[in-house]
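Same chain, two partners: chain A is paired with chain B first, then with chain C.
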Partner chain A sequence: MAVSLTHLPRILERHGDALLADWIREQLQAKSRTGAIKEGELREQCAEFLRLLREATAKGGTSDVSRPEFEPLRELLANVSRSRGVQGFSPSETAKFVFSFKRPLFMRLREELGRDAVALADETWAVTELLDELGLLTTETYQKTREAVIARQQEEMLELSTPVVKLWDGILALPMIGTLDSNRTQVVMETLLEKIVETGSEVAIIDITGVPTVDTLVAQHLMKTVAAARLMGAECIISGIRPAIAQTIVHLAIDLGNVITKANLADAFKTALDKRGMAQVPGR
Partner chain B sequence: MDRIPILRMGEFLLVTIQVDMHDQLALTLQDDLTAQITRTGARGVLIDISSLDVVDSFIGRMLGSIASMARLMNAETVVVGMQPSVAITLVELGLTLHGIRTALDVEKGMALLRASAAGRRRA
Partner chain C sequence: MPVLKEETVAIGSDADVVLVRQLVRRRAQELRFSLVDQTKLVTAASELARNALEHGRGGEMLLQVLQDPPRSGLRLVFADQGPGIANVELAMKDGYTTGGGLGLGLGGAKRLVNEFAVESTPGKGTRITVTKWH
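Now for the complex of A and B:
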């Protein structure tokens, strides 16, 4: 095996430029979204890949890409697939960056070793294994990049969806939007309670107009929030109970206890003002 | 042995918990407070727990039983200044302290006590 390993760096050395040209042509032909990446950038990435591959294989052989000699090459691939993941390439398009190198390389191998069938087979196998490993590496990094994007978006949504607004002196409103799960309720509860302390508000209106469904779990979460606010000395009003939700609550026999509920935010606000002892100008 | 001071303010008693509550301290407070209510004929008890960061189920239950005891002795209990983390813990423990009145700070708690005392006098 050790003998056949010496061929790859030599071939890369001798045919470097031709390989590069073939490889780039291959990619430009295959790619459906040629416009997405500039040819100059592609050429740069490919040339860098060839150079690092030559260095790595000359020192570290072709059998194991986790060797320290392959470190710079792995880094380059990680960078390439990361940037492509962010640019919106599909996973197969990203992996093709490596796989499209096979055809030009195998053509050179055949030219070089065509007369020695055993050596050609050995070398082809070794190179295939190496490139497959590298290809998998790009896919893995691509996946990780996408997962990071998703995680960040989830976090942003969590932050976005729980604003606590001050409506009046001593009155807070919490417009809830989207499905409530335990994770979100926890965040909602914490922000609401902290805001109650911060502003010294005695009344908090939880508006669930934007909550698509209310089941027993959601109701339980709401009750917990109301109970916690009450323990701190603030009263909660739940508003935005749509007809469908009112029906569900009754059908599920959910006991909302002695929580004040209102059909819309305006009514809840009026009740809150009454509680604060503020008279409104009637009939406006 | 350390005790939690109980201050008298007119017809109300003021308890400010400023140290970490441990079980013995809570029991002593319960004894002292009930004794004080009888002695002073207090109409209301205000417990300020704004510097309490940690609660366990025992302390939570103790707050509830103090309120029940006080009510039996014709005094109303208001718990003021509960921290968000404490409120969340109590709710998760299932202790919603039914029957206890709460307020955001001492001032609002006092207003609450005064209002209810005035209401009772009128009745």
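Now for the complex of A and C:
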């Protein structure tokens, strides 16, 4: 709910420089990670914040930050919290940028309105509401920035984690790392099948050394990939089956009988070379 | 039997199944389970968590660290409020599936642990308790 700000614009006008000095001192004293921001940069951000706050409150005179006159201020805060989000500040450290302004401002309010208790209470309430809104805004932007970072990393991981490498003429290897959920397996399968066509490979080695758990779903994904590759004329070898995984697969009663499996990539590669060798000899 | 520690994990998405696996693996490592036993328990947890997610419309896992000197153990209780299992005996059978999977999850999970119990009420939900001793 918007509350009208009667005295704030005047106080900001009259004590602007003193407020700025107090506010910066307040933030430097908190010394959480303000050290990571240069004092000059902080001063610039604070001065800009004060200037825009003065303009916005002088124009509108209310604490409703969704109004158009607050637009430049909202933008400034978004920029500040975005840059801090990227620099690795915590959400509370980011929100403190705004909240640390309360003490210096309230002290000035008391000086100015101390004799009029009602006016002081009203103005304090309005200012609190305004600064809370602005503080929440920084947290929200911060959150969005972090979410964007996470989303980008997920995309990158999806790309990174499925490299198909060519080991030899006609032999591909796919070293799988991490959790095989449905999304990733889909990408893995597509990449592998495309590469098989692209390179005209006959043998593809799927190495699962880096896959921590092989349960029935993972096994099913693997078997589907093998079956799809086989339809395209390529033989798959699954390598990197560790002793613990082997015993687990046996207990699960998963039938990998028609898939060639090897304990490590070297053995799989040797088998693949043999296959290629045998395939080549009659042709020559 | 004294329970040393209890933790609950909600199972509501694929990502939660990963969290379940990671937590079970961490606790199994802390109890110095052998690598094979760790892998078996984690795999069983993965099967049951996915069952709770896919057939039970999500649920939760309760993890208990048990102490019964000289042995120690991990008990996992998977509970969901899904449609329940109409025929438990049939569901335990290898190759039987309603979800398009391999149909090895439930029976496989049983073979991967030391103690295994299913309580299921059609329409009310399913509760599967597994224990692995060390």
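Here, the second predicted complex is superposed on the first by the 271 of 284 C-alpha atoms of A that agree within 3 Å, B and C clash if a C-alpha of one lies under 4 Å from a C-alpha of the other, contacts with A are read in each partner's own complex, and residues count from 1 in each chain.
Note that contacts are C-beta pairs under 8 Å (C-beta built on N, C-alpha and C of every residue); 3 or more make two chains touch, one makes a residue touch a chain.
Treat the numbers as computed from the prediction; the structure is a model and nothing was measured.
After superposition onto chain A, partners chain B and chain C are found to sit side by side with no clash. Legend: residue contacts after superposition of the two complexes on their common chain; A:P243 is shown touching chain C, with no touch to chain B. Using the contact criterion defined above for the overlaid structures, shared-chain residue A:R146 touches neither chain B nor chain C, since it reaches no partner. Contact with neither chain B nor chain C is seen for A:R184 once the two complexes are overlaid on the shared chain. Once chain A of one complex is fitted onto chain A of the other, the partner contacts of A:L217 are limited to chain C, with no touch recorded for chain B. Of the two partner chains placed by superposition, A:R276 touches none, neither chain B nor chain C. Using the contact criterion defined above for the overlaid structures, shared-chain residue A:A227 touches chain B, although it does not reach chain C. Aligning both complexes on chain A leaves chain B and chain C separated at their closest CA atoms by 9 Å. Common to the chain B and chain C interfaces on chain A is no residue. For chain A in complex with chain C, the touching residues are 179, 181-182, 212-217, 219-220, 243-245, 247-248, 251-254.
If you check the complex, the residues on chain A that touch chain B are 189-190, 193-194, 196-197, 200-202, 224, 227-234. On the side of chain C, the complex with chain A involves touching residues 14, 18, 21, 25, 35-36, 38-40, 42-43, 46-47, 50, 94, 101-102, 104-105, 107-108, 111-112.
Those residues of chain B whose C-beta lies close enough to touch chain A in the complex are 79-84, 86-88, 90-92, 96-97, 102-105, 108-109.
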